[in-house]
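Structures incoming, each one as structure tokens.
Here come two complexes built around chain A, the first alongside chain B, the second alongside chain C.
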Partner chain A sequence: MSAVRLRGGKVAPALLGWVVAALLLLLWQLYAESAQELYLPTFTDSAGAAWDLLTGATLTSDVLPSVGRFALGYVVGCAVGVAVGTPLGYLRPLEPWVRPVLEFLRALPATAILPLALLVLGANGGMRVAVIAFGACWPVLLNALDGARHVDPVLVETGRVSGLGRFAILRRIVLPASLPQIFAGLRIALGIALIVMVLSEMYGASSGLGFEILNAQRRFMVPETYGGVLVLGLVGWSVSVLFTRVERRALAWHIGRTGGRSGA
Partner chain B sequence: MADRAASGWAGAFARRAPARARRPLGPATSTRVVRTLKGLAGIAIAIAIWELIRALGVVPSAYVPGVGSILSAGVEDFGSQLAPAIGETLKAWAVGLAITVPAGLVLGVAVGLSRWADAALRVTVEFLRPVPSVALIPIAVLVFGVSLRMQLLLIVYACLWPVFFNVRFAVQGVDPLLLDTARVAGLSRLATIRRVVLPSTLPALFTGLRIASSIALVLAVSAELITGAPGLGKLIVDAQGAMQIPLSYAAVFVTGIVGFLLNAAFTALDRRALPWTVAARGERA
Partner chain C sequence: MPDEIIRVEGLRKAFAVRDGETLAIDDLTIGLRQGEFLSVVGPSGCGKTTLLRCIAGLLERDGGDVRYRGERVRGVLPGLQLVFQEFNRSLFPWLTVERNVRFPLHGLSRAEAAERARHALALVHLETFAGHYPWQLSGGMQQRVALARAIAARAELVLMDEPFASVDAQTRIALERVLLDVWRELGLSILFVTHDIEEAILLSDRVLVLSQRPSRVIAELDVDLPRPRDQLKTKELPRFQDLREEIFALLGLDRDELLATGSPATT
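Our next item is the complex of A and B:
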């Protein structure tokens, strides 16, 4: 940021953000205590329920399996997306053949296939991982495709002149050069995978974070419902922070070249 | 987010765009026809693969009906089942966006212009945004019951972020020279916002709108799926439960087609409304 922005100091604005957040939580607490609304538990009750969820038996029966399925589905979906999308973009003549089908699959809300996946694959963890991977795959695939299509032709020609084979060009030139666009797709896929993870556990499931939240609501265990949402927020926040770190590291060369405009 | 990363490709597009504009109409049109034909052939191949998988017996064929029976179920029940479901889903989608977009725009401009508003909301936003929107389905049901308002709460929560972030980022990126010029010209703060800031943020607003549109569809369908609010999501579940498998598949495909058409419509609208920016931003985000 500019010098003018820095003059006010960085500490005061950062502090202000925390103060506002704390005030909002306090407001929630006080309002919930005084209003005694059936559907609004206090913040402390909700946080307590979240703590129980994270420290009780549910940690190994619900929380960790959920995160595991999310991670596995996300990684598989992204790997497929990169592995298929990059060559498709590099082999330019193929693109018009596959574009409409791929755009359709990306536009299809992945959660909509859950009932049919349940039918075909059964109500098990593998099905949920498959649907998460399905949802994560398309934005990565299309971004990898577009990234590979727009790699500077000079780079590719240089590789060819240097005697690199097709696969070597793909792996050592096209893939690294499309990384910024691939990471944009990976970021979108992260949010989608999380949504699909939660919803897949709300549909025909008997464990997992999504199941716990829905189950708590159906039994009118209101603080537990809010607690589950808090835990999911924590999970979402953690993977987002982790992603930003990985992205910074992977795209360090790119951020340096573009003055840090395209990272984070 | 995607936009910022995509801007690295702006150079490639900027170089290509004028060449395209200069190309005579004839070949361009025939190129488009060939493209469309190839796309249709691709769809035909995808259908053939679907039928091949069925024929090979990899999946239980009772649970994966043929394209023919899906199509006939879709045509047969279009008026009685699919069309009303599309209407219900689109109603939630449209009302949700109609609430979210102005709200996101106002918030984005305010936070983009005021350093203090930005600092005050930063931590809260950082913690609210990662909460997966569908996790709020049970809370929305607790508060509003199974109703349109329940769906709207979810859609507004999920779609506010792309609109807000795109607008805020664009407002913070407005050329300071333009703002100084406005000040020197004696424009009031409101006039500056209306005549300088808002026009510069339009492209970002359109991008945010397009992303929000697809998220709104996901939320509408997901909420219907879990809570049984009327719409495409409920139809998919109900048809599956009643063992009307082809209809269930037809509803899934219709959901995809709705998403595809909405996306295409927003892309076209974007190009028509803001043709001067499309080349500079790259074609997708």
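Our next item is the complex of A and C:
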């Protein structure tokens, strides 16, 4: 503790966050131990349950399949979002035709179509992937659309005089120029995809992280319920860290140019 | 004329405004000879940029013909590169300098494209900056990258839209020298739009003077000054001064009422 200096010292700011996190966990542990409340297990009991979830048979039956569906749904949704949004933004005359439909579908919470998807597609992994993809695609699509619409016309003209066709301009100019905004959409989609994943596994499911959390809660396995939430948090956090790395690489030019300010 | 690379005949361009339309260019005729350096000067807001975009085929024309080596062209002119005033907008910020220069070279082998880019960058003295990103360079250097891209593309025809208008005076002098060197070495045909009368005379074989909107050619002056041109010596020649005065008078810059009546908004 004495090594952490509040002023000066480059380690301090990064370390501080961890210290605060550790303090909060300690507080949780101490309070839970003294309060002995039924619905508040200690941190160590919850972490133990999380560990069991991550190391037991549930790893291959629940955790990994969940993460797999999440990843697949996310990637499919984002791919659709970019593939549809970018051309729509570039081919301006098309956009007014579809804008109201897009805005409506975007405003629809993906979780709300879960019961519908259950009816139409059935209670299976494919349905869950589809709903995750549906939720993930909208912020990406609309951001790609806006990004592509606001590409500097001088860049497009440079492509035209260089003899590029429409598709080549889309791929070589409009898409990279829209990337900063597309990435903003990808980040929003990440959070949505995780929410939809959890919830989709609470409907007509017999496995998955969402199912395990709900199941533990119904059976009053309180530490296991907390453990499931902890694992979920860990998954979300890891994915976010990974995303930031990819983003830094893909947008190195943008970050360098704008000095790290976000936005296109 | 047979040796003309570009012939613009009776060009007309109007823009829609709230109450009808405004005529930007009316019945404008220009011929650019092979290997010629032709400048276009005109009052602010006379539609010089519109003119270049119409010739390039980036804007639709409302009337008139553009012929490339005698053939009518619809759409974008072949063998053309543009150098815009806004250098920071025409370079791709996600590509390195070298990749920017190679951009128009699709269809070439990797080695060939790299060699051409290297050569073009050497011509504008930027070979050591190939790996930088455009936004890491100064404005003058970015403009040289744009020029290198035109060179690498083996453009026969370069349309330049006030390319040196937003760099400082010293950089501008250096860029003008580089441009003249490259033009002579590669035998380019250049159509150069500028509002700077001295720049137009210093660089060009011929200067066209445009009228206020709607733009028409009101005078065509042969710049019969010896080459190579020099920033100091050429500008001191009596003939240079004469041409300068003549263009001044044509643009009405010698009259007092110019400021009193106010000049139209710049483009």
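Here, the second predicted complex is superposed on the first by the 253 of 264 C-alpha atoms of A that agree within 3 Å, B and C clash if a C-alpha of one lies under 4 Å from a C-alpha of the other, contacts with A are read in each partner's own complex, and residues count from 1 in each chain.
The rule is short, and it goes like this: contacts are C-beta pairs under 8 Å (C-beta built on N, C-alpha and C of every residue); 3 or more make two chains touch, one makes a residue touch a chain.
The structure presented is a predicted model; accordingly, all values stated were derived computationally and were not measured.
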Subject >> Touching partner for A:V154 - first (chain B), second (chain C), both, neither >> reply: second
**OP:** Please indicate which partner A:G68 is in contact with in the superposed arrangement: first for chain B, second for chain C, both, or neither.
**Re:** neither
Original post:
In the superposed arrangement, does A:H254 touch chain B (first), chain C (second), both or neither?
Top reply: both
**OP:** Could you let me know whether more residues of chain A are touched by chain B or by chain C?
**Re:** B
**OP:** Considering only touches as defined above, state whether A:L199 meets chain B (first), chain C (second), both or neither.
**Re:** first
**OP:** Pick one for A:P176: touches chain B only (first), chain C only (second), both, or neither.
**Re:** second
Original post:
Which holds for A:A168: it touches chain B only (first), chain C only (second), both, or neither?
Top reply: second
Subject >> Touching both chain B and chain C, residues of chain A >> reply: 152, 254
Original post:
Which positions of chain C touch chain A when the two form their complex?
Top reply: 53, 56, 58, 76-78, 80-82, 84, 86, 89-90, 92-95, 103-104, 106, 133, 135-136, 153
Subject >> Residues of chain A defined as touching chain C within the complex >> reply: 152, 154-155, 157-158, 160-164, 168, 172-173, 176-177, 179, 253-254, 256-257
Subject >> Residues of chain A that touch chain B when the two form their complex >> reply: 5, 8, 12-14, 16-18, 20-21, 24, 39, 96-101, 103-105, 107-116, 118-120, 142-143, 146-147, 150, 152, 180-181, 183-185, 187-188, 191-192, 194-195, 197-199, 202-203, 209-210, 213-214, 216-217, 222, 225-226, 228-229, 232-233, 236-237, 239-240, 254, 258, 261-262
Subject >> Sites on chain B touched by chain A in the complex >> reply: 1-2, 4-9, 12-13, 34-35, 38-43, 45-46, 59-60, 63-64, 115-116, 118-124, 126-128, 130-139, 141-143, 214, 217-218, 221-222, 225-226, 232-233, 236-237, 240, 245, 248-249, 251-252, 255-257, 259-260, 262-263, 284
